[in-house]
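Note that the chains take the letters A, B, C and D in the order they are written out, and that residue 1 is the start of every chain.
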Amino acid sequence: MINIGVIGYGYWGPNLVRNFAETKGMNVAAVADLDEGKLGTVRRRFPAVKTTSDFRELLNDPGVDAIAIATPVNTHFELGMAALKAGKHLWLEKPMCETADEARRLVDEAARRNLVLIVDHTFIYTGAVQKMAELIQAQELGRIYYYDSIRVNLGLFQRDVSVISDLAVHDFSILDHLLGEHPVAVTASGMNHFPGTPENLAYVTLYYESGTIAHVNVSWLAPVKVRQILVGGSKKMITYDDLEPSEKIKVYDKGVSFTDDPEKIQEMRVGYRTGDMWAPRLAVTEALGVEGAHFVDCIEHGKVPKTDGRLGERVVGLIEAANKSMRRKGETVYIVQEKQS
Amino acid sequence: MINIGVIGYGYWGPNLVRNFAETKGMNVAAVADLDEGKLGTVRRRFPAVKTTSDFRELLNDPGVDAIAIATPVNTHFELGMAALKAGKHLWLEKPMCETADEARRLVDEAARRNLVLIVDHTFIYTGAVQKMAELIQAQELGRIYYYDSIRVNLGLFQRDVSVISDLAVHDFSILDHLLGEHPVAVTASGMNHFPGTPENLAYVTLYYESGTIAHVNVSWLAPVKVRQILVGGSKKMITYDDLEPSEKIKVYDKGVSFTDDPEKIQEMRVGYRTGDMWAPRLAVTEALGVEGAHFVDCIEHGKVPKTDGRLGERVVGLIEAANKSMRRKGETVYIVQEKQS
Amino acid sequence: MINIGVIGYGYWGPNLVRNFAETKGMNVAAVADLDEGKLGTVRRRFPAVKTTSDFRELLNDPGVDAIAIATPVNTHFELGMAALKAGKHLWLEKPMCETADEARRLVDEAARRNLVLIVDHTFIYTGAVQKMAELIQAQELGRIYYYDSIRVNLGLFQRDVSVISDLAVHDFSILDHLLGEHPVAVTASGMNHFPGTPENLAYVTLYYESGTIAHVNVSWLAPVKVRQILVGGSKKMITYDDLEPSEKIKVYDKGVSFTDDPEKIQEMRVGYRTGDMWAPRLAVTEALGVEGAHFVDCIEHGKVPKTDGRLGERVVGLIEAANKSMRRKGETVYIVQEKQS
Amino acid sequence: MINIGVIGYGYWGPNLVRNFAETKGMNVAAVADLDEGKLGTVRRRFPAVKTTSDFRELLNDPGVDAIAIATPVNTHFELGMAALKAGKHLWLEKPMCETADEARRLVDEAARRNLVLIVDHTFIYTGAVQKMAELIQAQELGRIYYYDSIRVNLGLFQRDVSVISDLAVHDFSILDHLLGEHPVAVTASGMNHFPGTPENLAYVTLYYESGTIAHVNVSWLAPVKVRQILVGGSKKMITYDDLEPSEKIKVYDKGVSFTDDPEKIQEMRVGYRTGDMWAPRLAVTEALGVEGAHFVDCIEHGKVPKTDGRLGERVVGLIEAANKSMRRKGETVYIVQEKQS
C-alpha cells in the first residue's frame, strides 16, 4: 500500500485525490494547502485524510511514501526537490517545472535516490493515445509525414505562462510518446492581444530529423472548442477528435502513391488512393485512474513510468524553445539532441 | 452586350463558359484551346460559340470586347498583356500571375488603356464572405484579433506551384477583402515530403500593423477535407465552415473582457463572456454568376471590380513572400507597404 | 433546513444524495438500502449520514421531514404511500408508479395531508427545456404543429418494463410541460425481438385536440446514441440535440406560408420561408440541483412543484395508454380528459 | 444503340436527358413537353434532339426504341400503357403510377410484349444502397431486427399526393431491395396541418413475417434536412446518413447477446457488446448513370431490371396501404402476399 500526500488542492488537486482514493494499492494519507477553506472541503469529503497548511508535515511524515504536487508551476522545482530529498517518490503535475535545467536536476536527484518520478501528462494514458501509439508502433501508418493539432477554446487567460505552456504541452508529450524521436528545430509565432498578459494564441512548428513535421495551433481566444489532431503516414492516416463521445480515433486507408508509368513522365507522378475508414474501439477507463495504478506499479516493481522525468524534461525543453522562437518573431531555435534510451 | 472570348478550356474554363453563357449582358463569342478534343466538346455543348486553337484569333477579332484567361499560371502574364494591348477588358484566373512585378505591369497597362481588369478570386463573391465583410464593416466584431484558417484535403499534387499558391491564395484574397489592411510581415513553414515535388503542406502567419494576426494551414495530404475559418474580434467572433450545407457562418456573442475589480488585482484581470450564437441566412446565388454580372457592370459603367488587379497584385505579393519565408525555414519576410486607396 | 431520508442507493440514489448534500436548505439525514455494501459506500462518502437496511426507521424518525424514493418502480406506490402516511413530504423517481390509479391515490393522499409531492422528471429542470418552454409561452413559435423525438441508444434491456416506460417517459413529461395540453388519443407500435423480454423499440404517436401531433421513437437497440427533438410551429421551429455540448437548442426562422397570389391559384398555395438560425445561451446549472432547490422552496413556501403528482399521474397514464396500444398492434387508445388547472 | 424519347421536361426530365446523353449505347432522340419554353431550353442545350409538344410523335416514330416518362404521376398509367402498346421499352418515374392495379396492368402488358419496364427508384443504384445490400446478402448483419428511417426537410408541399408518396416511396423501394421480403401489415399515422392540402408529415410502420419491423418518419415541415437510416441486425448494425459527403455508410460491430450465466438467472439475460466501427469506401458513380447503363443492358440482353415493374408495383401497393392506414387513424392494413420470384 502506497501512502501518498498531495500538496495543492486547487484546480487539479481534487481530481488527484478522488482518483488516488479509488486506486488499488494507494491510500491518500494527507493533503496540504495554504487555503483553510479548501482543507475543510477535503475533511468533509474524506474524513480519514489528514490536512495541513504546512507541506513540510507531509515530507517529514515517515508514513508517507509518495508526494504529488499540484501547485503553480513556479513552485514545482522547489517542492519537488524537497520531496525527493525527503526520500519520497514523486508525482509532478505538468509542465514538470519552468526550465529544462531544473527538470534535469530533478531527474538526477530521483535517479540518485532510486525514487520514482512521474510527470502527470495524463493524455498519454487515454485509450485514444494508447491506440495511436499501438498503430504507429505496428507500422500501420508507414512513415510518418506530419502531425497537425488544433487545440483551441475560449479559455481562462493564465497569469504568468503563455498558451504554449498551458495547451501545446499536451501535444509535446503526445508527440514524444508517439514518435520516439525528438525534434531538431522549432519555430513559433504567437500574439498577446492584451497588454500585460502572456501570449494567448500561438502556432508552433517542430522539425524532425526523419522528415516528419509537426504543427500545433493553440488559442485561448476561439469561440468554439476544438481538439483535433491529424496524423498522416505513407500508408494510413489518423484523425483524433477528442470531443467525439465514442469514435475519437478514425483510421483512413488513404494516402499518396507514386507512379513510374512512363506515359506520365511529363506529369506529376503522384496520385492518391482512397479506401475504407475504420474507428477502433477504445479503452474507456479514466486515464487518471490508469496513471495512478501505473505509478503504484512503478514504485512496487521498480519500473520506469511511461511519462518519466526524462519525458517531462524534454517537454519543458520544447516549451522553452517554442516560447523563445515566438518572442523572436519565429526565429528557428535548434534543439540540442540528447540520446534517448 | 459584352462579347467575351475564353482562352483555356481545361479544369476551370468550362465553368467560366457555362456561367458566362447564363450571365445577362454577356455573350460567349469564342473559345481557344490547344486541344482539339476540348474544342469539340465546346462545339457540342455550345454550337453557337466559335472555337480555335489560336488564341490570337480572339485578340484580333474586333467583335470581342473582353478576354478571360484560364490557362496555367505561367502563361497569364504574356496572354494577359497581349489581350490588354489588343484593347480587350481582361478576366484573369487566380493567381493573377507569377510575380508581383508582372502583376503591377498588367495593372498599369489596364489603367493606361482604361480597361477593366478583374482577377477571379471567386470566394469574394460568395454569400458567406460577403456576410463576413458586412459584419466586419458594420463594426459588429469590434477590433479584429485574429483570422485562423484550415484548408486541407487529399489533393492532386501540382507540378510547379506549392500548396500555398493553390490553397492559401484563397485566404490571402479573403483577408485582403475583409481587413482592408495589408500585412507588414509574413512567416511560413512547410514541407515537401516527396522529392522533386513542390511543398505539399504549409503553415503561414501574417502580421498586421493593427495587431491582427492571421494564420493559414494548407495541405494536400489530409485524410479529410476541412474548410474552416475562425475570426475573433473584441466584441464578437465568427466561424465559417464552407462544407456546412446551410449554416456556413455562425456569429458568437463571445469574447474577452477586462475587469478593474480591485479584489481581483492579484489575479489575471481577463474574464470571458459567452452569449447567444446566430447563423445569418446567406445569399445562395452561385458566386461565379455574381462575379460575371459584376464584370459586365464594371465594363459598362466604368467601375472598379471588387477583385481588381491591385488586389490580385497584393495576393501575388503575399504568395511570393510566403514561399520565400518557407524556403528559408520560417525567416520573417517584410512586406513593402504600398498605399491602399 | 429540510432533513431528507433517501430510500434506495442503487443506480440513481447516489446522484440524489450527492445533489441533496449540496443543496442549500437541505440536509441528508439518512439513507436506507437492503444492500449492506451500498450502505458502506454511503458511510465512507458521507460519514455524517445515518444508514439503515430498514426504510421504516426513516419514516418513524420525527427529525426526517421528507423522503426520496429511488427504488424499482413496482415499489413506488407502497413506499410512497407509507411515507405520506408518516407525514413526510415526498420525492418520487420517475415514472411515479405503475398505474394512473395508484398515481391518483398518492396525489390525493398528499393533498389531504397538505404535503408536497414532487416527481423527479429531471429534464423539466434543464436549461434546454426551460428555454423551449419560455419560447413557446412567449408565442415565439406560433401555433405548434408537431413535436418529433428520437431517443435511441444501445441500452441495458430492462427486466419488467418496456422501452416506453424507460425512455418515452422523458418525452411525455416534456410534452406535458411544453404544451399545457393533454393528448386525446395515442397509437403505438413496437417490438420485442427477444423472447421473454419487454418491447425494446417503440414508436408512439400522440394526437391533441388543437391539431398538434407528437411522435416519439425510442429504442434500446440502436448502434448510436441519438437524443434529438424537433418542434415545428407556424412561426418558428426548434431543434433540440441533447448531445450537443453547447448549442443544444437552435431556433429556426423558417416555416410555411400561404399565398393568395391569383396567378398561383392553380398551384399548391403553400410556399416556404427561410431565415436566420439562432442558438440561445442556456443556463448551465445541473438540473438535479435546480430541482432540489425547487423542492425545498415548495416545502417552505407551500408552492406546487413544476413536476407535481398530477403531472406524474398524466405521464403514467400515457405510459399505460401507449403500452396498451402497442400490445394491440397500434389500435387507437383514447385518453379520458381531465380538467387541467 | 438505344434511341430514347423523353416525355416531360419539368423537374426531373432535365436530369434524365443529361444522363441519357452521356450513357454509352443510348441516344436521346426526342423530347416532348407541353411547354414551348422548356422545349426551347432543350434545343439550346441539345441542338441535335428533336422536340415536340405532342408525345404521340415519339410513340409513332419507328426510330424510337424506348420511352421515358417524367410527367405527373396521374398521367403515368395512360402514357406508359400507350408507350408499351406502341412497342417501346419503358422507363417510368417513381412512383410508377397511382394504384397497384394500374401497376399490374403495366407489368402484364410489358411481359406480354416482351418489353423492358424499369421504374426509376434511383436510390437502388447508389453506392450506399448497393453496399448495404451486399452486406446484408453476405449475412454480415445476421438476422435483421429493424430498419428505421428519418427523411424530413422543409419541402415544397405537393398538390395531390401525400408526403408518403413523395418521400416514403424511397424507403419502400430500399426495403424491398434490401430485405427480399414483403411486409404483411402496415400502420401509419400522419397529419395535414393546412386545410385542402395532403398530409405533410407521416409515420409509417411495416411488419414482416420474419419479425423485422420497419419505421419511416417523413415530413415536409422540418427546419433541417435529415436523411438517416439505421438498420439493426443480430450481428452488426448500420447507419446510413445520405448527407455525409464521404462516409455515408458506417457498420458497427455492436449488438445484443444473451447470457446463460446461472448467477444472472434472476436478472435480465441480455447484455450488449460493442466493438469497432467501419466505414467502407463506396462507389462514387452517379446513380442515374448506373441506372441508364443498366436499362441499356436489360434491353440489349433481355435482362430483368433491378427495379422492374414488379418492384414498382409492390411499392405502389405499400403507398396505397400506408395512405389508407393513415386516413383511418392508424388502423392496421394487411398486405395480400404475392409470391416473390
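In the analysis below, a residue touches a chain if its C-beta (ideal position, glycine included) is under 8 Å from a C-beta of that chain, and two chains touch if they have at least 3 such contacts.
Bear in mind the structure is a predicted one, so any value in this text is a computation, not a measurement.
Enquirer: Average the CA atoms of each chain to get its centre, and name the chain whose centre is farthest from that of subunit A.
Expert: D
Enquirer: Report which interface contains more C-beta contacts, comparing B-D against A-D.
Expert: More C-beta contacts join the chains of A-D.
Enquirer: Please report how many Å separate the Cα centroid of subunit A from that of subunit D, as a whole number.
Expert: Taking the average C-alpha coordinate of subunit A and of subunit D, the gap between them is 53 Å.
Enquirer: Could you grab the centroid distance between subunit A and subunit C? Build each centroid from C-alpha atoms only and quote it in angstrom.
Expert: Here subunit A and subunit C have centroids separated by 42 Å.
Enquirer: Could you please state the distance in Å, as a whole number, between where the Cα atoms of subunit B are centred and where those of subunit D are centred?
Expert: Here the centre of subunit D sits 42 Å away from the centre of subunit B.
Enquirer: Spell out, as numbers or ranges, the residues of subunit A touching 2 or more other chains.
Expert: 224, 274 - these are the residues of subunit A that touch more than one other chain.
Enquirer: Tell me, which parts of subunit C touch subunit B in their complex?
Expert: Residues of subunit C touching subunit B: 247, 253, 274-281.
Enquirer: State the interface residues of subunit D toward subunit B in the complex, per the touch definition above.
Expert: Against subunit B, the touching part of subunit D is residues 45, 47, 224-225, 243, 245-246.
Enquirer: Going by the contact rule set out above, which residues of subunit A touch subunit B in the complex?
Expert: Going through subunit A, the ones touching subunit B are 145-146, 148, 150, 152, 154-159, 185, 187, 189-191, 193-194, 197, 201, 203, 205, 207, 211, 213, 215, 217, 219, 221-224, 230, 232, 237-239, 250, 252, 254, 256, 258, 267-268, 270, 272, 274, 329-332.
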